[in-house]
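Chain naming follows the written order as A, B and C, and within any one chain the residues start at number 1.
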Amino acid sequence: MARALGLLLLGLVAVAPFVPMGGIRSYVIHVVIQIFIWSFIGTAWALMGRFGLVSLGHGAFLGVGAYTSTLLWNNYGLSPWLGALASVALVSLLAVIVAYPCSRFRVIGHYFALTTLAVGEVVRLLIIAERDWTGGSLGLTLAAPSTPSSLVALQFADRRVFYYGMLVLWLAGLWVWHRVDRSMARSAMEAIGEDETAAASVGIHVTRFKVGMTVLSAALTAVGGVAYAQYIAYVNPETLAGIGVSLRIVFAVVLGGMYSLLGPTVGTALTIALSEYLRVFFGVRLIGMAETIYGLLLVLFIIFLPAGIYGSVRELLRRRRPASAPATA
Amino acid sequence: MIEPIFLLEAALNGILLGGVLALLALGLNLIFGVLDIVWIAYVDLVMLCMYCVYFLVMVYSWPVWAGGLAGIALGVVLGIGVHMIIITPILNSPPINQLLATGGLLFFLQSFATFLWTTDHRSVRLALPIVEVGGMFFSFARLLSFAIAILAMLALYLFLTRTFIGTAIRAVSQDRGAMALMGADPQRVYVVTSAVGGAMAGLAAALLSIQYSVHPHFGAAFGPITFMICVLGGLGNMVGAFIAAFVMSEIISVGGVLWTTEMGYVIAFGLFIVMMFIRPGGILARRE
Amino acid sequence: MLALRDVTAGYGAFTALWGVSLRVETGEAVAVVGPNGAGKTTLLRVISGVIPPRGGGLDFEGRSVAGQPAHVIVARGIAHVPEGRRLFPLLSVLDNLKMGAFLPAARREFAAGLERVFALFPVLADRRRQRAGSLSGGEQQMLAIGRALMSRPTLILLDEPSMGLAPVMVLRLFDLVRRVREEGYTILIVEQNVRQVLKLVDRAYLLEVGRIKMEGRADELSEQDFVRKAYVGL
């Protein structure tokens, strides 16, 4: 039943760009593309978050990823496909530089969160400080390619190409999450999350797993950054680095549910839908209202529904089915 | 090459800045160290108190000292409110929930403030003199803030070491469960701590409002640095936070003169990151 | 003075105590002995209110205290010296004792209470400004007991006070507990060191896997063969 529903939804999503919607189709596509990109990023974050590696600095990975490919294209004409590889490499290096000492020196919990926060801020500030070549707080516009649509330049005049590209990206992210969920790494990470010393004592190579998971999450986030840069064609330190965007990613994931496959997607979809709704229907009059509401919602959710919307609904449905009673401790 | 006089001025200004940052950090340290809860929205509470001072002084023409006292009172109310409404229900949840719940509060406060008062910067305009000492210029507002900050820190220190409830707060930070066995209702201790922490926030707000303009994202500007000072000085360690505040403010101030403001912050944050690796317990690590 | 009737208690899905009944009369010294994991610490925690009982009755001086929070039970007159002492390591000896006198009634009599503790444990008077964490094991145990005395209790619960102490210190410790008892306090002591504690108390209970297996007068119990063999003074 759930699977049929899921496939139906997927089918709808797949054909949406061709469904007549009056004049708003372009807008809807735009919103859904952003949902794809940010859900992808959120899912990447959740790879770490679900195991207790709560990072408040994913803006660092996002920013470095986006700026790397953008700068390489703008200054050297390097195709974003290759630029993405450079982004991933650079961000992976950054992730190792952060994660390895953290693991080695047992920087965990609050401390880890604050360290990542600092890293995110450092990236944002460096971008602003080096304004000569990064454009500073004014941001950078992605140079247009010689033809309006170019696969090499990864820029397309028809939004629908982006739509399907990001759809694939989003699905790819889900696939990675799913594979991690099914892997040995998951059990190892859960053991580490519960008791690092105990995990180490049974031979789990704690550092390798923690660093590995961080690098994976960071690399995917970097790809998300590149995707964003290519679609929006403009990068800016406030939207892509720093505490603001990092927190927004975290909140969307928590709202939807950190521990489930579709949780980050649901959370992201809801937050984006909410802000768009408010923006469209109330315009400038209600600037800040969207975030006010989901700040409030976040507090309420943490107190009453810590599994997030998706997680709680799923739990509710699961309990309704008598055959699959879960074993209690 | 920078003239030495500017370096000295920057260094001294750094000390003054350190005083206020230390005050800001102390309130958070009290809550962070005692309750072991991350009030990520702490500096946003300061922001609210700053708006309070602003409106009372600039719109309703209250005298500054009265506005300051009102700010402190608001701080107390906010502190207690946050603890009772947000923290108490999730006291026994995994720590990440506490960080996220107060993070939601942060979002809420910053956005609501934007909605209510727009992103315009508001400043409390006081015609306070500039003091000149040997070719270097210092704002009187900063000097005053520094002096009051030092006094407040002394008062807090005495409160924590000499009074009964202050000792109880320190005791709770060392062993929460044992306090209950002494006949102390932990909730009472928490509420008092939240009130004192809120009062410190209000006091910091009063002093900051005569030096900086307030805007909804003030918390984003000062929040991270305040947290880092607390952690750098060792969670719960008042003296450590003091020292860390001065270290950070010196780096920011001098770095800002030698390079750019942003680079000053980058170096300060970089130092924080490195300290996290080398001595996660902070400069004066005292906990295992 | 203290009566447990059929008390059941545990942690989460795990039940540690099954229908435990015991009583302590005013002025008595009673011991609860048993092997590791028997539930002895849980028993004291239920009495002092740290964990609530799931079933059964718990009365102190005629009134029920079942389910009351810890700080209320302390106010009623029960002081709990926890396992591992749980002093405030960075506070001074004096500050630890101050914390013991947190209750308003105790605070009023703080000076008198302090004198009494220092009379019982003179070494604490000498070290009053020293950090509690820097005291020796024996001194820490004395401080823990002294701290409990500051709350002006009528019943004192002692959880494995001899744990971690050198044998010579253990003898001194039990001596001190005897003196405390002589001051008029009622004592309920949980111990693994069966031989020593039976010399100290009037009656004892044997707790095994959450149930009372035996009870009786201390001198009678110490004659029991299996007690001697199974729990030879650890």
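Here is the rule we use: a contact is a pair of C-beta atoms (placed from the backbone, for glycine too) under 8 Å apart; a residue touches a chain by one contact, two chains touch by 3 or more.
Given the structure is predicted, the values throughout are model-derived calculations rather than measurements.
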item	value
Chain closest to the middle [Cα centroid of all protein chains]	B
Interface ranked first by C-beta contact pairs	A-B
Intercentroid distance (Cα basis), chain B paired with chain A, Å	31
Chain B and chain C, separation of their C-alpha mean positions in angstrom	43
Mean-CA-position distance for chain C and chain A (Å)	54
Multi-partner residues of chain B (at least 2 other chains)	none
For chain C, residues that touch 2 or more chains besides their own	none
Residues on chain A engaged by chain B in the complex (per definition of touch)	52, 54, 98, 101-102, 104-107, 109-111, 113-115, 117-119, 121-122, 125-126, 128-129, 243-244, 247, 250-251, 254, 286-292, 294-303, 306
Chain A partner contacts - residues on chain B that touch it in the complex	38, 86, 89-90, 93, 95-97, 99-101, 103-115, 118, 216, 220, 223-224, 227-228, 231, 259-260, 262-263, 265-266, 269-270, 272-273, 276-278, 280
Chain B - residues contacting chain C, complex	164, 167-168, 170-171, 174-175, 177-186, 286
In the complex with chain B, residue positions of chain C that touch it	48-50, 69-71, 74-75, 79-80, 82, 86-91, 95, 98-100, 102-103, 106-107, 147, 151
